[in-house]
Amino acid sequence: MKKQSTKSIALRGLFYLLVVFLLVFNLFPFLWSLYSSFRPSNQLFSSDILPPFSHDGQFDLGYGIANGLTLDHFRSIFADPRFVAALINSIIVSGATVLVALGLGSICAYALGRLPFRFKGPVLYLVLTMTMFPQIAVLSGLFMMLQTLGLFNTQPGLILTYLIFTMPFTIWVMTQYFRSLPKELEEAAYVDGASPLKVFWEILLPLTMPGLVSTGLLAFIAAWNEFLFALTFMITEPMKTVPVVISQFSGVDPRQFPWGEIMAASMVVTVPLVILVLIFQYRIVEGLTAGAVKG
Amino acid sequence: MNASHLIGRCFAPKFLLAALAVVLPVTLQAGVTIRILGDSDVGAGGKWMRAVCQEWAKKTGNTLEYVNRPKDASDTLRQCQQNWAAHSPDVDVYMIDVIWPGIAAPHAVDLKKYYTDADLKQFFPRIVENNTVKGKLVSIPYFTDAGLLYYRTDLLKKYGYSDPPKTWEELAEMAKKIQDGERKDGKNDFQGFVFEGTASESITCNAVEWIYSFNGGSVIDPDGKVTINNPNAVKALDNAKSWIGTISPKDVTTYGEDDARNVWQQGNAAFMRNWPYAYSLGQASDSPIANKFDVSVLPKGGDSGKNAAALGGWNLMVASYSKNPDVAADLVKFLASPEIQKRHAVDISLLPTRPELYKDSEVIGKNPFFAKMLDVLNNAVSRPSTVTGSDYGQISAAIYQNANKVLNGGESGQDAVVNIERVGKQILQ
Amino acid sequence: MAKEIDLYARQKRLAWFLVTPAVFIVLLIVAYPLIQVVYTSFFRAKLDGSVEPKFVGLDNYANILADPDWWSAVRVTLLFTVFSVGIEAALGLGVALVANSKFKGRTLLRVAVLVPWAIPTVVSSQIWRWMFNQIYGVVNVIMVSLHIVPETDKIAWLAAPATALPVIIAVDVWKTTPFMSLLLLAGLQLIPKDLYEAASIDGAGPLKKFFSVTFPLVLPTLLVALIFRTLDALRVFDIFYVMVQGQAGLQTMAVYNQIQLILFGKSGYGSAVSVIILLIIMTFVVLYTRLSKTSFE
């Protein structure tokens, strides 16, 4: 009994060591940028990585904080109307992309995963082909298409092109989800005389909620971070999205590469996503366990 | 956007009348929207240009939308080509690199009809010639550029030198001495010489300078003969290789213009090769190196070599797909006018394209080095863009990939010139 | 019986109804560019339309296959794909398993894992480029202070292919492992708990449980994740583009494509490159589906 417990303590220790490693690996670059976003520009370009903690030969925490950290970069990005406009733009484009991709994608996935449909294979292959094209290669074709439709430099136009990488993924993953649900669930409902659409809406869709949330989240992040299409299809300033604006960031002081501002802006665009994950993490876990255990 | 457009329409006549009376010789349509793809916001150029364009809009009663170009020149070219291929009326005026007229020509309005011959004579003839493709004046010179050697006057003095280096050999020797001395004093990150070594157009300019300075020619001569494969060109490349890890950091082969300037601007380098834009940034009052540096011509390759500076610069063109080419041309004329170019030079130290401005006391007062620039510009070496036309991208890529590879130790200078020669011959056959 | 037939017919009708909008969009945004690219690949043409396109048959394809730079790009892409996807799959499964077990701070880990994915690629490539900067980069600063490298000879990570490729792979692993682990986590959570209980009753240890219950049941999800990641990796563009630009010996197929198509403006040749990349990627898809015996029916 005693031996067992030492072994389990050791295992537990190893386990937590692994957890710590994963935390450091995932978070260090993020924390490093976070730290960089608070450092004065002149200290960013020096190989002293810590703030000047020693003062008059003595260790002085207050001095280090007062002289080694600053809110300047955050002030300067929020004083820039272009950055604020880009934030709003990104929210609209990414949000709408997710809604369209999930809406159309999940009903399509339901048909492919659950309903009798002759062309499942061809449709899935078509969807897959869509994801295979190098984005560089479709760029000029999409550009022509948007011009023809009069959607160049508009939000609906950008949203349409974002479906290229969000729809196939949604359809694929959701088809897997629908397929993995047990058959008995809907059979009972059909016996009671429910219509296929009702079965989808009232029984299957709630069960796939965790899948919807996680694919929606991934689609949102992909759209939020997309660069090439946004750079090419949105040319005037009120239309630009955050990644493009960050990449063209000038900062207040043209004498220095605006590294601090870039880091601050990156933190501002990353934090909402982290919050989204925090909120939906609960839903993913709860929804999944409830669905899986009861089902 | 609509609201401002409407306001523009309502008030335009008043402004127009005023403007007509004062400056404009041509009749303009009132209150149209002009979009200009101008300088990048990285560095000072974009901010400056944006403000000046708005001045024009206010003066003429038009609406101006500024399109910020990507930082990277190649990305900018991609964006331009895409718009041109689609015959897109979305952008009226483009700021194009001095090496692009061959590519841009089919999509440009001939600007000759907006200028008299006498007007055109006031620009550097060489640039106007560069911008004229098969008799069509594709673009108007906006600002010009030439590679310069930046050096730290205080450090030269400290280590007993009175003048900047005359040859690359001297530069290497001086850089080494200063670097060793500064590092001994505890500045471990101090570098002797920084330049643009990254595999892009940046190193193409540097390589063309090195080769020309060693009497190795200009890669392809104006008659279309590929001249790169010669012993002097090999010597020039191998000489640059010898700097890596001795007076230049090893990752200088990943540096673009601003990477090099970052090291320099922090006071961490004795010499730098860069464009004139770094001058006013370095002399700003809160800059660590203010009043501690000067600029000079780039060194010669050996005593028999030449001082070489790559010719750069940007020009303004009107797209033939523009719905209001006359209004767009008016903006171009405004931006290239002597008054605006003078302010450009005084405010952010960019080189005017009108020789007369190099004698202007205010311009020289702010940028003493401009006095030497006329000579530098007259002797500047062009990249082989005219002779290769729309295939310039290929020869440039061959130069920058091979030069970068030489610096990284991936191939010898001899292999590099053979490879560049092959691509050059392919293009010109 | 009649009712069942009726239901089947209704389901079939509904299926058509539900699939159509998605397929319509797919055709709209993919069919046009696709047809255009295949068509253009048989011509010698310029991107900006400055020269009259000329039909050249399969010349473009022959020229690509004769270009050593293309083969170097294929090699770099395959190396990158094999290593990054392989490491991501293994690490992603590990993370998913850890995140799926109960322990204090589980939520923190789940959120932490997603952070790298949430940072825009443009930015994260810059962060890493900054961290691996020879002079100011934190990696070299730490290595110097641990006396792994001498202060005067810091490593120029991104300057040469031999060190740059591993760095780029590390960045990609860091960035996309969350994608893997999130998908796998969802898959793990679908495994019914009673299967583990049954295995425990049969006296199976943790390792046995993993191989007899977890792995087979998570395999379909793993394969989907692998397919998507492989497709992504074979087309990798932005990380390479931001971190090493056009450096010789560090071009991927997509970078090569971009250079030919956009930078050189050779739309015929560039389109042919796109078609070849598409064919290579399709081969991988067929291989995966054969291997996994996944049927589409």
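In this document, chain identifiers A, B and C correspond to the written order of the chains, with residue numbering beginning at 1 in each.
To be clear about the criterion, a residue touches a chain if its C-beta (ideal position, glycine included) is under 8 Å from a C-beta of that chain, and two chains touch if they have at least 3 such contacts.
Quantities reported herein were computed from a predicted structural model and do not represent experimental measurements.
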For this session: Go through A-B and A-C and name the pair with more C-beta contacts between its chains.
Result: A-C
Seminar exercise, completed: In terms of mean CA position, the chain most removed from subunit A is B
For this session: List the centre-to-centre spacing of subunit B and subunit C in whole Å, with centres computed as mean CA coordinates.
Result: 38
Seminar exercise, completed: Taking each chain's centre as the mean of its CA atoms, subunit A sits from subunit B at a distance in Å of 38
Seminar exercise, completed: The distance between the C-alpha centres of subunit A and subunit C, rounded to whole Å, is 16
Exercise. For subunit B, which residues are shared contacts with two or more other chains?
Worked result: 85, 188-189
Problem set entry | Sites on subunit C at which at least two other chains make contact | 47, 135-136, 262
Seminar exercise, completed: Check: subunit A positions touching at least 2 other chains come out as 45-47, 140, 144, 247
Problem set entry | subunit A residues touching subunit B - in the complex, by the definition given at the top | 42, 45-47, 139-140, 143-144, 147, 152-153, 231-232, 235-238, 247-250, 254-258
For this session: Please give the residue numbers of subunit C that touch subunit B in the complex, ascending.
Result: 46-50, 133-136, 151-152, 155-161, 244-249, 259, 262-265
For this session: In the complex, go through subunit B and note every residue touching subunit A.
Result: 1, 35, 37, 40-44, 46-47, 65-68, 70-71, 75, 79, 82, 85-86, 88, 90-91, 188-189, 258-259, 262, 265-266, 281-282, 284, 286-288
Exercise. Which bits of subunit A are touching subunit C when the two form their complex?
Worked result: 15-16, 18-19, 22-23, 25-27, 29-30, 32-33, 36, 44-47, 49, 104-105, 107-108, 110-112, 115-117, 119-121, 123-138, 140-142, 144-145, 160-161, 163-164, 167-169, 171-173, 176, 180, 190, 195-197, 210-211, 214, 217-218, 221, 224-225, 227-228, 242-243, 246-247, 259, 262-263, 266, 269-270, 273-274, 277-278, 281, 284-285, 288-289, 292-293
Problem set entry | subunit A partner contacts - residues on subunit C that touch it in the complex | 7-8, 10-12, 14-16, 18-19, 21-23, 25-26, 28-30, 32-34, 36-37, 47, 94-95, 98, 103, 105, 107-124, 126-128, 130-131, 135-136, 138, 141, 174, 178-179, 182-183, 186, 189-190, 192-193, 220-221, 224, 227-228, 231, 235, 237-238, 253-254, 257-258, 261-262, 267, 270-271, 273-274, 277-278, 281-282, 285, 296-297
